[in-house]
Each structure stands twice: as C-alpha cells, then as structure tokens.
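Each of the next two complexes has chain A plus one more chain, namely chain B in the first and chain C in the second.
Entry: the complex of A and B
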C-alpha cells in the first residue's frame, strides 16, 4: 500500500468509526517499514486533523462518531508512543476537568483523546474540579490552556466555575499566561455564553475543541 | 375548557380556544418553600406543594411529578445524589461500577412497592387530588438506551454501547427496557398522564441514522409497545431529531414530539402535520440573559410557526434557576396571549 493509500484508508476507518480497520492500517504501515514516529506524525496527526475538520463541517456528524474518533486516535497514538525511540516533542499542555458540581465526563474524554493524538499533553483533573484546582494545576504543570467542561447550566454559568477561574487569574496576574476554553451542552444553546462567563473561547463539540485548543496553545506559547 | 381538555383537544386535533402552555419549573420549588434542595426533594409533599405554587404563580397548564432525573437511578440502587442550591441534582454514585455489576443489577418486580418510589407516589397522590381532574400531570421516564448513562456514567455507557462486549450491552439494555415497562405502568397507575419519554439516543445527533435504525429503534419498540404509547411524548434531551420523526411515527406510533430549540420548528411542524402534536420549545438558556420583551418576541415567533393548523403546544426546555422571574411571567403571558385561537 502506498503512503497515500494508507492515509486514505486510515481516514476512512476513523471517519466510519471502525476501530478494527484503523488498527489494521497501522499494522500494515508497520509491516511496510514505517517507523512509529512516521505513523504518528505522517498518518495519525494529519488524519486526526483532517477528520476533525471533516466532522466539524459534516451536518450529519454525531456524538458516536466524535467519541469513536477520539478513542481510536488516542489508542493508536498510545500504542505507537510506546515504540518511539525517544519521547516526542509535545505541542503544549492542557489541564482539563469538569466544572465544580458537574460529574459529566464524556466531553472531557473526547477532547482529551483528540488532544493526545495531536501531541498535546493532557493533565486530566477529573470531575467536580474547583476553580482553585484548575489554576493551581495549570501553574504546577506549566500548562498553556485551562479547559472546563460543563453539561449543566448552573455549573457552566455559576460563580464557582469558569467565572471564578477568571477571577483567580485576574487577581493573581496570570491572565497573560493561560487561555481558558469552555465546552458542553449549555454553550450550544447560547453561543455568546462563553464570553459572559469570562472564557477566551468555546467549542461546540469535543472534536472541534481539539482545533480550538491547539490554536490557543500556539497563541500563548513563546 | 380545562387545561387538561385543551391538551386533549390539541393532541387529537379537536377545536380549542387556545394552545396548551407547558412549563417545567422544578428546582425553583425549593426556593419557593424556603428549603434546601436536599430537604425539598426528600419529601413528595414538598415537591407537590412546589409544583402547585409554581403553577399558581405563573398560570401555566401542567404540573410535574419529576423530582430529578437521578431518581430513576435510586430505584435501581443509587445511594448518593450531589445536590446544588442553584441547579439540578446529579447522580454521584454509579450503580454499575464495573461490567460485572450488570449481572447483579436487579429490576424491581413492582416499582410501586419499592421504597424509593414512596415519595414520588406521595407527590402524585397530592397532585392528582388537587389538580388531577383539570390539569395534565407530567412524568419523566428515561428510555432503555439512555438509562445506562445514569447507572454507569455517559462515557462508560458510550464505550459499552459502541464498542461492546455486545452480550453485556444487550443484557443491560434488556434490564433497562424491563425497568421502563414497569416504571411507565407505575406512573400511569399513579395518575401521570403526560409521559415524557427521554430518549437522547433516539436522535441522529447522538448516534447517526444507521445506528438509530439498527440499534436504538428496536429497543424503543421494546420499551413502548407492550404498554402502548398513550400519553407518550418523544423527547431527545433538547437535541434535534427532525430527521427521525417520520420513522418514529410509522414504527412507534407516538403522537407528540418535543422539538429542540436547535431544530427547524417549521420543518418539524410540516413533518408531523396533522398526525400528531408538535411541541415548540423555547431556548430557555437564552432567557437568562434576555429581557422580557425579547422573551415575548421569541414566544410570538414560535407560535407564529407552530399554531397554523392547530395541534401545537408551547413548552420550555430546562428552565434554569437563573432565569429572571419577570421573563417567566412574560413567557407564559405571551404564550396565552398569542396562543389564543379566537
């Protein structure tokens, strides 16, 4: 199989959420002599970016597709990273969690899966994360982006969520150091909501969050 | 005509002086009674009282027997709910912590005798006694394909649903469908007559059309067909589902559709036509920021699309606590004003 065919077949497998087919392409690429580094940087990363773009534009794209795309991308990446001759250079670092009082972790999982396959280091703080924990973790891990997922209106807009993260960043003089992105169902119903709660950006779904976050990282990183 | 008669007329295509106006004010009841959320939801009489006072204050047509969505998980063994003073309670204890727990999950033989049903039953007794003859009483029931999300978490359920093992997935779905059948029977027997069938996986935005047809639809049939679809309202958790309305009408025979504010209401109206009740739903998350006049304008817009031809209901979505009271009054008043057929 040529590199172009491998790429196309892998893309199709990911877009069709066919995990077995995606892994078969990676095995074929290994057998044809591609290194794990080549597979990640010449196959997985560009294919994930293209898939993210295609899914974002596809009106029929669905949550299952987002979930499986992220799952396949992160599993293939983890599999290949174990075989790297030396640790890869990461694009940047994100601390991610659900907002205070919110226990819904699906969106966070999809975003994390995409980011890992784009060589972004993800520090997962779990669910029901306080504003203080977000800021402390961002400082401790030298992250560029704080990502806050909220599935409910009161956790998205409440004073203990993103609003408090923004206040803490302001009071500690850290606003230039970090960007804050939010996501989750309430933001789909009011596309200006992210600004009202002090976020720098929002994403309509887990897949498009990958693109928005990598752009934010590039904007912050020297 | 009473609100119940107006709803029946709208659902069956008979003449009525106005459209039904539905509103779901749930957590607001605790503040009304001066109770914490935890204390409020501990007693069925509190929830009933909260519903009656909300209805009296705003004048909408319906009352709810729903405490919070996680109540269903409590019937299946959930022991911890995370309460919040400014929003809806969350399930904080997953009944299914590992796939081995699926075999141990027990479905109560008779929901109405289960200890966790007692307060819901008390709430329904009061609502039925006070307004049951004149006003619709709503219940919220989660479809078999969505209930596992309350029992094991959404991401664990997505993984099992999409990636298997299929035998465990189907065992869990069988149990959840059996639970649904028994739960809907219990609600009907207790006096609920508007049965909101919450089926977020029943929209293509969740699983795509292929999985909808091959995986979700057969389970919805299994949920609904044994008890029939009388009073059932198709609701996908505020996600758009226009693309499946025709198939749901044909295969399940459901007569009422709660249309997402993100969907094209005119398209939904045209698809449902005279074969069922179209429920136009306001984007009530925006109502947090809107003025009363903006709220009224949106009500007029929805009524303008939905009312021609009849068989239309005005409704709300999640009604966050942060919505200003003036906007709720404006919404209900405008729905009654522009919802008049005279």
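Entry: the complex of A and C
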C-alpha cells in the first residue's frame, strides 16, 4: 500500500469509528516500513484532526463519534509510543480532573487522549477533585496547566470548583505559574461562562482543547 | 413591562410580563407552559416555540446548536433562551400535554399469593412508586388480599427538568421552590389516590378514612424532594454511597395534608444516594433473589439502576445514561404516553415504515421503545451506519420514518443521544457482570424494567447493542416492577423489613470510580450487537 492509500484507508476507518479496521491499517503501515513516529505524526494526528473538523461542522454535533475518534487516536498513540526509538520530547504537563461534586469522567478522558497524542504529559487526578488537590498536584508535578472538567451547571459555577482554584492561585501568588482551562457541557452553551468563574480559557472539544492547552503551555513555559 | 400573546392549539392567551425573564419562566405559571428536560439551560431543545412577531434577542449559542438555519429562519426559538423584553406574539410548537392518569391493566402486575389478612376499620392500603417522570399507584383491600385498582400518571415536577439533580439543586438554592416541588409530588400522590377512589370505584367505594397504610418507594432524589430532607447530601458525591436519611418527619402533617387521618405513612429507606428504594422494590417485584445466579435487573431511566444477583450477593449500581429512553432530549421525544410512537414497523409492502402510537393518537414524537425501533430499522436498512452517521446527509429536519408525519423524524443528534444512553447502559451491565466474576453468557434472567415498559422490541434492542444477544426467552419485560414490589411491602406485616432484607444482601458499586469503565463505554458506542465474548466468566 502506498502512503496515500494507507492514509486514505486509515481515514475511512477513523471516520467510520471502526477501531479494528484502524488497527489493521496501523499494522499494515508498520509492515510497509513506516516508523511509529511517522505513524503518529503523519497518520494519527492529521486523520484525527480531519475527522474532528468534519464532525464539528456537522449541525448536530455528534459526541459519540467524537468520543470514538478520540479513543482510537489515544489507543493507537499509546501503542506506538511504546515503540518510539527514543522517549518522545514532552511539550509540557497538565493536571486534569473533574470539579468538586462532579463524577462525569468522560470529557476529561477525551481531552487526556488528545493531549497524549500531542505529546503533552497528563496527570489524571480522577473525579470529584477539590480545588486544593488541583493546586497541590500542579505544584508537585511542576505542571503548566490546570484543566477542570464540569458537566453540570452547579459544579461548573459552584464556589468549590474553578472559582476556588482561582482564589487559591491568587492567595498563594501562583497566578503567573499556572494557567487554568475549563471544559464541559455548561461552557458550550454559554461561551462567556469561563471568564465569570475565573478560568483563563475554555475549549469545546478534545481537539480544540489540545490546541488551546499547547498554546497555554507555551505561554507559561520559559 | 411587555405584553405576550401566546397561541396554542386550545386558543390564545394574553400575558403581561414584568422584568426581564426568559419566555420559559414567563410561561411556567400558566396553562401554556412549555416542556423542558434540562431545567432551562438550552441543552435539551424541548421548549421550541415560533415567534410570529416582535423584537427579540438574537439566537444564543445554545440555539444555534439545537436549531438548524432553516428552522431559525422560520422563527423557531428555544423558550428558555428567549428573553421577553418587548411585546411579542409566539406560537407553541409542542404545548405541554394536560396531566392525565391512566389505569394500569391488572394483568400487568403479579398476582401476589399468600396474603396475611388485616383486620380493623382502616384495612385498605396504597402502594406508590414515585418515579422521576411517572407516578404509579395501587389501591389494595388488605382484609381480603385483593388489588382493587392501579393507575399511573406523569410526575408534575417534570417541568423543573428531567434531570433529577437539576430539581435537587433548584430546591437547594431556593427553599420556596423546594416547598413547591414537595407540594407538587404530594399533590400528585393525593391526586392519584383520589383518581382511584373516584373514577375506578364510583361513589360507593372506599372512603379515605378507611386507608390505613401508604407505602412510598422512589429514587433517593425523588424521596428527598418529597420530604425536603437529605438534599445537601445528594449534591455531595462523598455521600452517594452512604444511606441518606429521607424520613418524612412528622407524619401527622402529611395525614392532614392528604385527609388520610388513619394512614400510617411509610417511606422505606433507600440504599444510598444513587440507589433508591424503587430499585429494592423492583428486586422484590421481579423475585430476583429467588431466581438463579446470573439474574440481572436493569431499571431503565434517566439514571439507569442495575442489580445483579450472583446467588449470594446482590451487586447494585447506577449509571447516568441521559433521558433519551424517557423520550427527553430528542428533537421529537416524549415519555411513554398517549401520542408517543412506541413501535415502528417495516411496511409489509416493502419500502418504508409505519409508526404506531400509544392510545392510537396522532404521533407527537418518540418514546424509548419507538426510538429503539427507529434506530434498529434504519441501521438494518443501511440508512444508518454503525458509527451513528446517516448514509446520506440527513435532511435538516432529520430522517422521517413516515414522510407524512414531521414528528416521526430522527435527527443525527437524536442518534447521538441514543448511542450515549445505550453505551452507558451496556457498559454498566458488563462492568457489573465482570465484577461478579460472570460473563454475558452466564445471564439466566435479564429483567428489563422502567422506561420501555413492555413495549420494547427485544430483537431490535439486541441489534443496536442495547441488550446482549442472549436467548430471547431469558429476557423479561416488566412494566411496573417497583410498584409490584411496593405492593408486596404494603401487604407484609413489616413493610420496611421487606426492603431492608434486600438491602442487607446488596453490595454497592460506584462505576465512576472504577478504572477502565470508560474504555467499556467507548467500545459500546457503536450501533452493533454486543459481542458475547467482550465479557467472560473469570472464575469457574
């Protein structure tokens, strides 16, 4: 199979959210002599971006397809990362979790998958994470970005979520060191909400979160 | 101050609106109120209205997401996003249906045997299943051990949002609203009792004073809203796996409220924040603990609750799948009731489909079982792909199953909502089996209760991966399992002990704390049969 053909069949598999078919193309690509690095940067990342932009243009945003696409990208990337000839250069580090009172873990999961394929190190703090835990973990792991996922209006706007993280950063003089990004359903329906609760940025989906977060990292990292 | 002219099929209403509020809020206290599933944050799209004339704020991001350009050009808006600032004339696209109570056919409930007769003057009893969308009630003659009548009707709290936590946070933020919510639920239960006493029995029937016992089961949030207790605990996940106190406080206030002076009012304790007494009652109602190991009960709803009996332990969990199976959050969706498309059938002459509604009324949208049929038939006909994408780009209004009926259209967004709900349910079943050391093939009984009632087409549910492809005779559809279990408690000497016995066998599982559950969820998003190998027995 030519490179163009590999790309086309991989795209088809991803667009059809067919994980088994996508893995088969990756195996074929390895047999054709593509390196794991090439597979990630020339196949996985562009195919994921293309598919995501096609999904996003859909008038009915289909989250299920978005999830499945991100899942394939993350699984193939993890598989290939194990085979990289040298450890990949890490762009930066993010601590991520769902806000206090919120157990919806899927959005965070998608963003983590997309970040990994962009070579961002992700420290997953799990669900129902207190503001103190976010700040402590960001300090401990020397992260640049704190990412907070909230799927319910009351956890997105609640005083124990992002608002408290901002207060802690202010009171501890850490605002120059970390950027705060939020995501989740409430922010999609009110695009100014992130400012009201003291975040630096928000993103509507995994791929745009990847872009926004890499920009935030570049803004903080010396 | 602005004047609002509202057109509904029943006529026109004039309203005066003071201060800036959303159209949904303005209509809430009126007969022309609009349905909502999200509590008015613009995510469900249920409150569509058409602006006939008047100046309005421009469509919000939420509206651009929920309505197509063509629909916005026709003047369609979401009532929760539209601010009433100026005189306005609007027309309701989907007016909220009037409250309606319907009889439950007695053959849909189990014929409970071996009853202990109750003596004394107040020998009648009432069992209540207080559901998020529907309330079910049975009246019993406990002296003769005879069920007199049963009925069900919509939960009037629905206008506060199909999302239960939405209602809880409403009640928590505003005590006045909390009282109102409790009042609505108490009023609805009273209304159901009144309906049974009046309509089913006529004037010669039972008098309220003869009712000696009322047992209420429900999910924990509904019980907390009913009693006004335990609300803060429900919003704190740290409390969700603990028992939450929802005791009714002073029962004499309720007795007076309900004019049931002799009635002992019992609210058996729910298991935890996310597993209510309704699930315990459904376990009793289906006789799950008397069945073989590998008996799985799935109570389908906005929050689907599950119980797996492995012969010694009852593994219990719940999963938020979203309200799709209750008909909410869809472009054209409604709870199972008159006018809901409950079945879709392929036309015998080949091409096309026909839609059958409950009550034989003109179709107004899909309920859960009709949605399963529609997705399965479109998938089978190659019009829909396993990814959830339509083979051809869908029309702006969605794909109409019956081209003559616009409310029979299924949109790409509806398919997405369905996929996420069914993935949540299938992955939760799988996780629970795996935790019990069982596999899909070990299922001996699969009791499906809740939103689908008895209308679910099992083959279709299997084709889209909602239910596992186990032998069809192992799958049972129960219309009113929680009510049946509540009846059993009503008839027992000690009602609380019946459900406490089930609770003592239960082991709670919080899926959101199990690593790897999300991988299962992702794997179940595709519209394809569940591979039976995806979960195997792990111990002999």
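The rule is simple: the second predicted complex is superposed on the first by the 210 of 222 C-alpha atoms of A that agree within 3 Å, B and C clash if a C-alpha of one lies under 4 Å from a C-alpha of the other, contacts with A are read in each partner's own complex, and residues count from 1 in each chain.
By definition in this document, contacts are C-beta pairs under 8 Å (C-beta built on N, C-alpha and C of every residue); 3 or more make two chains touch, one makes a residue touch a chain.
Please read these numbers as outputs of a predicted model, since none were measured by experiment.
In this superposed model built on chain A, chain B and chain C take up the same space, so to speak, and clash. By the touch criterion defined above, A:65 reaches both chain B and chain C.
In the superposed pair of complexes, A:103 makes contact with chain B and with chain C alike.
Looking at the shared chain after the overlay, A:15 reaches chain C, while chain B stays out of its contact range.
Of the two partner chains placed around the shared chain by superposition, chain B is the only one that A:193 touches, whereas chain C remains out of contact. In the superposed model, A:157 lies in contact with chain B only, and not with chain C.
In the superposed model, A:185 makes contact with both chain B and chain C. With the complexes overlaid on chain A C-alpha atoms, the stretch of chain C that clashes with chain B is 42-50, out of 42-50, 114-122 or 204-212.
Contacts of chain A with chain B, set against its contacts with chain C after fitting on chain A, overlap at residues 17, 19, 60, 62-65, 67-68, 71, 101-106, 109, 128, 152-154, 185-186, 188-190.
Of all residues in chain A, only 17, 19, 60, 62-65, 67-68, 71, 101-106, 109, 128, 152-155, 157-158, 185-186, 188-190, 192-193, 196 touch chain B in the complex they form.
For chain C in complex with chain A, the residues that touch the partner chain are 39, 41-43, 60-62, 65, 68-69, 165-166, 169, 235-238, 320, 385-389, 394, 396, 411-413, 415-416, 419-420, 423, 510, 512-513, 518-519, 521-523, 525-526.
Those residues of chain B lying in contact with chain A across their complex are 82, 84, 86-88, 90-92, 153-155, 158-159, 161-163, 204-209, 211, 238, 261-262, 283, 285-286, 288-289, 317-318, 320-322.
Remark: chain A residues 15-19, 58-65, 67-68, 71, 101-106, 109, 126-128, 152-154, 185-186, 188-191 touch chain C in the complex.
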